[in-house]
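Common to both upcoming complexes is chain A, partnered first by chain B, then by chain C.
== the complex of A and B ==
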């Protein structure tokens, strides 16, 4: 009965747990960082509006619209869905807008929080100022798996934070003390499209979109960021949709502005962009892929110049263009990969200078060619291993059934599959081609 | 900040006031509930009779999302709590959260404990909780206290075995209790989903929440957007704001605009969201709401999402989509990345285009199309196959693709020619 007191739950300590505990206590732990309410704000120097607008070329109208929808201080809002293609600046614009406004917010990304439990616990950790450290064996402040528990804990945590913020707002101006402004808390959910691939997506997505109505707290604002457009979220359950805010892909002029920022020799880079921007834009317009390709190409472009600071005149531009031209075509056929080990790249470049130009550009390592000899039977074995790895696990289980007695139905199914497999090289080759859709 | 000392501009105050009004469901639905035959009055009558006459009752509130079911219910409950302070306790459940029976009973027990200041045990089992609930119902019945169960998203409770519904309704009938069960749902046929034994214990009372008539809508908009004359706003500013608002509301273009919007989204909730957007776009320097704000809000809600996605594609991705369209025209309904590449190669061979790229670059473009959801896999079962072999299908029609190509800047002429074939 509920009128009795809850039974005391004792914890059984295993031997290893108690051993490690004493070991931890004996060493000197470094002071772990305790988050406070100031951590809900951006914690860096707040931006002015002009700096915000100039650091994102081509995004002026989106930034102004986001600012208008968020509204003045302490004004309630409807949920917003920010959507657009990848690397169009949605996350960075949202975060910098919060830095400019200096309002408290909680950020969680559905890439790092890949299951509902981790998502809920991450939000609660941030709201309850709990940091996972070795003292608590990296556990969250509360264990929360189900949405019903999450809503209850969230309400308590939000009420705490809001009373804290209300207490602060009457005091000294917050610019001095680094405290965030206002009495509203904003929850930012990034990469929402990942939730569609979760097992529980059919309950979690409508739960998140209805969170506003479930909580019924006007001091909470919800912002969703997604790579896919709102029609991918239309479920048969229905809800009042969040206000959409669209981030279109950058145009060529915007890309030019973005790449020209922070360049030491802007005229040289401008002439470089004149040459490469248009052909590369036919393949992709995503900033991260273009940046990776341009950085190595620019090194190639400015190679013949002895003085890197010079501003090129017409004749020099023509020379540089003819120098880079053969490399552009081959660079277009490389996938745009972000290099993670530039130092290693420099060494391999020197060794393989004699080989083809794609290696010299160093954009992509060449894994296509095998430079050791394989016999024909080894090659067929490799192909059959590849095909066998694509079999579903149930087929493998039935093939390798250890009981040895398979009923006639199983045998018939297996026979139909293996009927065409005549163990001749020609048949294998044909099968491979057929499988690959050629 | 030094701003605290500056006086807030009246337009800012007005903006704050309108935004908080539009986000507050109580304010929105109270004027709509004034007439005697509204859902508010009917609901209030039903619940207050069951409180005063100490009987059990059950009712369903049905209507699309945003039509104000929960808002009106909350208005009724707050009024009744003022009228009969000691005689009512409310338990709120939501189908999205508590569709599992264990969860639901735990939540009922927790709310009952909170209401009556009892200690709640988190480790109580399902049987403990259900016994507790039945005992509480009996006790409250003896004390002439009505328990009102609000079941939001009722169609989720009707999934599975409906144990919770059955135990609740059964307890109401067998135990000497006073309880009202209110189900709220957006499915109009939710009582068909109930099992026979549950349906027989459920009274077939339904309240439909439909969208209000046109005149009501116009009166509602005027009421909600007009600034009050007796607040802290300067009198002449408020008067001019209201005057301009009246002019906009009687404008023909405005009526057309609202008709267009309401033909797609006909509930009050959608209208309020639209007005919120329009009010947020209000220019603070000018200080008054204009027709342009409403037009911007309408255009941001009426986007053609697939066309936008096509406009965001690069030329190579357009090529791939046109290749897939041609494969479909050739009656090849299932195709994967390699068949698209063969088609791409054949186009290049016959037309000598300048846009011929290697397979790895094309694969990157293919993955981008998958991410934008312009194409998708046909089935979700082939997870152990790599992306290049799984069959895909186009998610846009050829008319949309054609329109997208036409509106694309610098679209190669060859693509349009290929589409027309």
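== the complex of A and C ==
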């Protein structure tokens, strides 16, 4: 969830990647591909710092801070906890920083690895350059369920990798061959908040936070990425607290920069953003939500234009605005509804109530409007539920309670109330018939 | 179904969209960290198929067929259903089932990276489609976990979700949290209601000339009622149809010619000899059919038979065309083809109608419309009267297309069409020319009158079609060969009555076993009979409680003494039997074992309840009578 995107850079990156690598990769059949130490790096052209900073508008200070915390090459570090709301660029920034630094890292998302065992095995698989394939029936390299086993295996694997890394840090041409730099290995745990649901966080979460102390290897860096703030992790249980790094929500200007990147007709899009960005920002600042809403809205916006390359003047902007205005309201509502789930539920409940009451008044016409098939038994159940709902509580007790209503005083008091609700069997029958649309 | 092809094109479109976001190379596709492209790259294409709360069975079958259809088009398919999404198993459960379906093997730690590797090893040019039957029955949190996980991998594994929604489009919104909803890129598809699907089936199988097989009126009515009482389960209807078909082929020897009958155009040449039947026998059989007896044919020859068949075919085609015309007319107003079909195939009302025509000279259109049989046909005919000119024009064109093969009706429809064109011209002229107001009203009146007359003509036409050309199959000679009429047989086959069947079989086992020893003496119980059968016959003599001791003794006596004729009323006296020395050859224990086994069998078949604690000596009979 924390992935954020920088359309410009990544597009370019993928293109250049595919262009540069197809020649090399196409000779290798996928089956024969053996992962090597290179796989610990990002395997793409390292990014320059300027590119990195420009590709994440509004993230300058966070990137610099992260770089500072990671420190220069081969320097030990404290664990880092990167946190911030969803879709604020935590994962992307972290990954791109590693691409910039060209250092080896292991990434594991706790959404994909939904249990401790899979998390451990996924990390070990990456460290031991093991890839699941049909040759060994997609099994993991080691079977590992308990944290203690994991520590042993991990230490073994890390030592192996580190000697490997050291072995080639001596060669100067490490950059040219695409090998990652340095003799540090970083473990990145994404979506850490998911772990709290696994086993009520009793063991795994403290274990991970404590991993640095347990391993006692200065060559290992830990980075945690989480949606929620460090307060939610009860960090004060006697181990080194990870250094928090907060990613705040984007401001409106940041969002404008993000969305303006990589647009073909930038002036048209700018005028579009002038119209939509402000109202949407009041509802949500999550880039992925906004992107989804904007992509469809922009299509509508540019619908009346025959030439998509044209730069709009004031007159045209006004026309386009009047064209898009009704759509904005509905789209706004849509994002809003999806976002605020409890409110929506309340709304729908109200709605159903309303329809129910109207159904009682105009039974016949409403019956036709039900657009899904209902079995006969379901219809009868509904009728009986409706009838039962009209019963006073005392009647319920006398009908369904085996002891009956003992409190005679209560019964007496309710007697008058009762009479209003008396149904003759005939009336019930009529109601039933009406409801069934017979 | 066109919904299927719609879904299929959508699947391929969305696959292309995913592809356009970039196709990762092998190492990239199996790496653990996400490939970052733009924001839309995390969205899962999701088809929401509104099933309109169909019957559960229909639902399952529909999605299974959808899966087959897509698989045929080269997609990788996995069908998941609500049991895979339980809170108990968590997201591992559905992943495991996914892997099992794709990889054909179950792996203990179900991990989605396995799927990624698998997809790379396959040629990765096909979309992966995951079909979830009914999301309303799934556990929301598990489903949302699943969606989040898939959305992280969507570039590496181009997964396309198809979810069945029983109620309304709000359902996913109610089930899933917002962060999962954000990953979905939903599209809506709507399946037809059971009644619509039903109409499609009836049209394809019974009305359109597909196999030549047809069902009689009684069977049709029975099947309609069956369909309604089963709450519109299409599966049950199709099953009934299949059973009817099978039974027809089973009982009617001449049904073998159905295939040729349906395929060949005209001048059916009977090649009965091909099927290894002697022509004499066949002719005898054919000309003794009741429908043939009614219409006396001059002489039973091959030529007359062929002639009768082609006549039958001609009449059937006419009937089909008229029914389809009626159906098209009534389509907008919820006239169901099945109802129409039931009425149209009713031979009695047709005979009656024929009788009426002979009696009355038709003059009054109102009278003639009242004469038209059936409520639904009537309704359809009345609808024609109320149509506007444009609608009528469309309708007439459709009729013309439908009746292409039948020159008589087609000619009449064609006669009407120019009138319609003239009318169009008139009305358009009216629009163009500016006429004085005084005249306008009159012209309008005129036009109204004209259109009235036109719709009258159309009504007359359809009435005449119904009257003259809609010969129910059951009124045509030799229809027995093609028409299945035995509703009782179908009912028996469909509904069955297992307990009754068991009782009958137990009492009249000779019919099934056909052994030499039992056939001779029909009523007496012999030791060579089956144990359970003996027991059950003995039990018939008791009330609803059976004394186990008595029962055992009588059983033993029968088994031990082959020659003694049993007297059922009094329970046999033990001491008398004990005297028989040959009884020693068979040990007491084996008889007891046989007894126990028979009692257990009776209990399993539901005819007997075991002794209770309160009355340890008595077993209770459960089923009485047949």
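Note that the second predicted complex is superposed on the first by the 297 of 438 C-alpha atoms of A that agree within 3 Å, B and C clash if a C-alpha of one lies under 4 Å from a C-alpha of the other, contacts with A are read in each partner's own complex, and residues count from 1 in each chain.
The rule is short, and it goes like this: a contact is a pair of C-beta atoms (placed from the backbone, for glycine too) under 8 Å apart; a residue touches a chain by one contact, two chains touch by 3 or more.
Treat the numbers as computed from the prediction; the structure is a model and nothing was measured.
With both structures placed on the common chain, the touch criterion links A:291 to chain C but leaves chain B unconnected. In the overlay built on the shared chain, the residue A:316 is in contact with neither chain B nor chain C. Residue contacts after overlaying the shared chain place A:140 against chain C, while chain B stays out of touching range.
Shared-chain residue A:282: touches chain B; no touch with chain C. When both complexes are overlaid on chain A, the residue A:91 reaches chain C alone and has no touch with chain B. In the overlay built on the shared chain, the residue A:72 is in contact with chain B alone; chain C does not reach it. Contacts of A:270 after superposition on the shared chain: neither chain B nor chain C is touched.
Residues 1, 3-5, 7, 86, 286, 289 of chain A lie at the contact with chain B in one complex and at the contact with chain C in the other. Only residues 22, 25-28, 30-43, 50-55, 90-92, 103, 105, 107, 109, 111-114, 117-118, 120-121, 145, 148-149, 152-153, 166-168, 170, 173-174, 177-179, 181-182, 185, 193-194, 231-232 of chain C touch chain A when the two sit together in their complex. Residues 1-7, 9, 65, 68-69, 71-72, 74-78, 84-86, 146-148, 151-152, 173-175, 181, 203, 206-207, 210, 213-214, 218, 227-232, 237-240, 243-246, 248-249, 281-286, 289, 332-336, 364, 389-390, 392, 435-438 of chain A are the ones touching chain B in the complex. Contact residues on chain A toward chain C in their complex (touch as defined above): 1, 3-5, 7, 10-11, 14, 18, 21-22, 25, 28, 30-31, 33, 35, 39, 43, 86, 91-92, 95-96, 106-109, 111-115, 117-118, 121-122, 126, 131-134, 137-140, 188, 286-289, 291-292, 295, 337-341, 344-345, 348, 371-377. On chain B, the positions that touch chain A within their shared complex are 1-2, 4, 12, 15-16, 19-20, 23-24, 64-66, 70, 94, 96-98, 100, 103, 106-107, 109-110, 112-113, 118-124, 128, 131-132, 135, 186, 267, 269-270, 273, 276-277, 280-281, 300-301, 303, 305-306, 308-309, 311-312, 314-316, 335-336, 338-339, 342, 355, 357-358, 360-361, 363-365, 368, 371-373, 384-385, 389.
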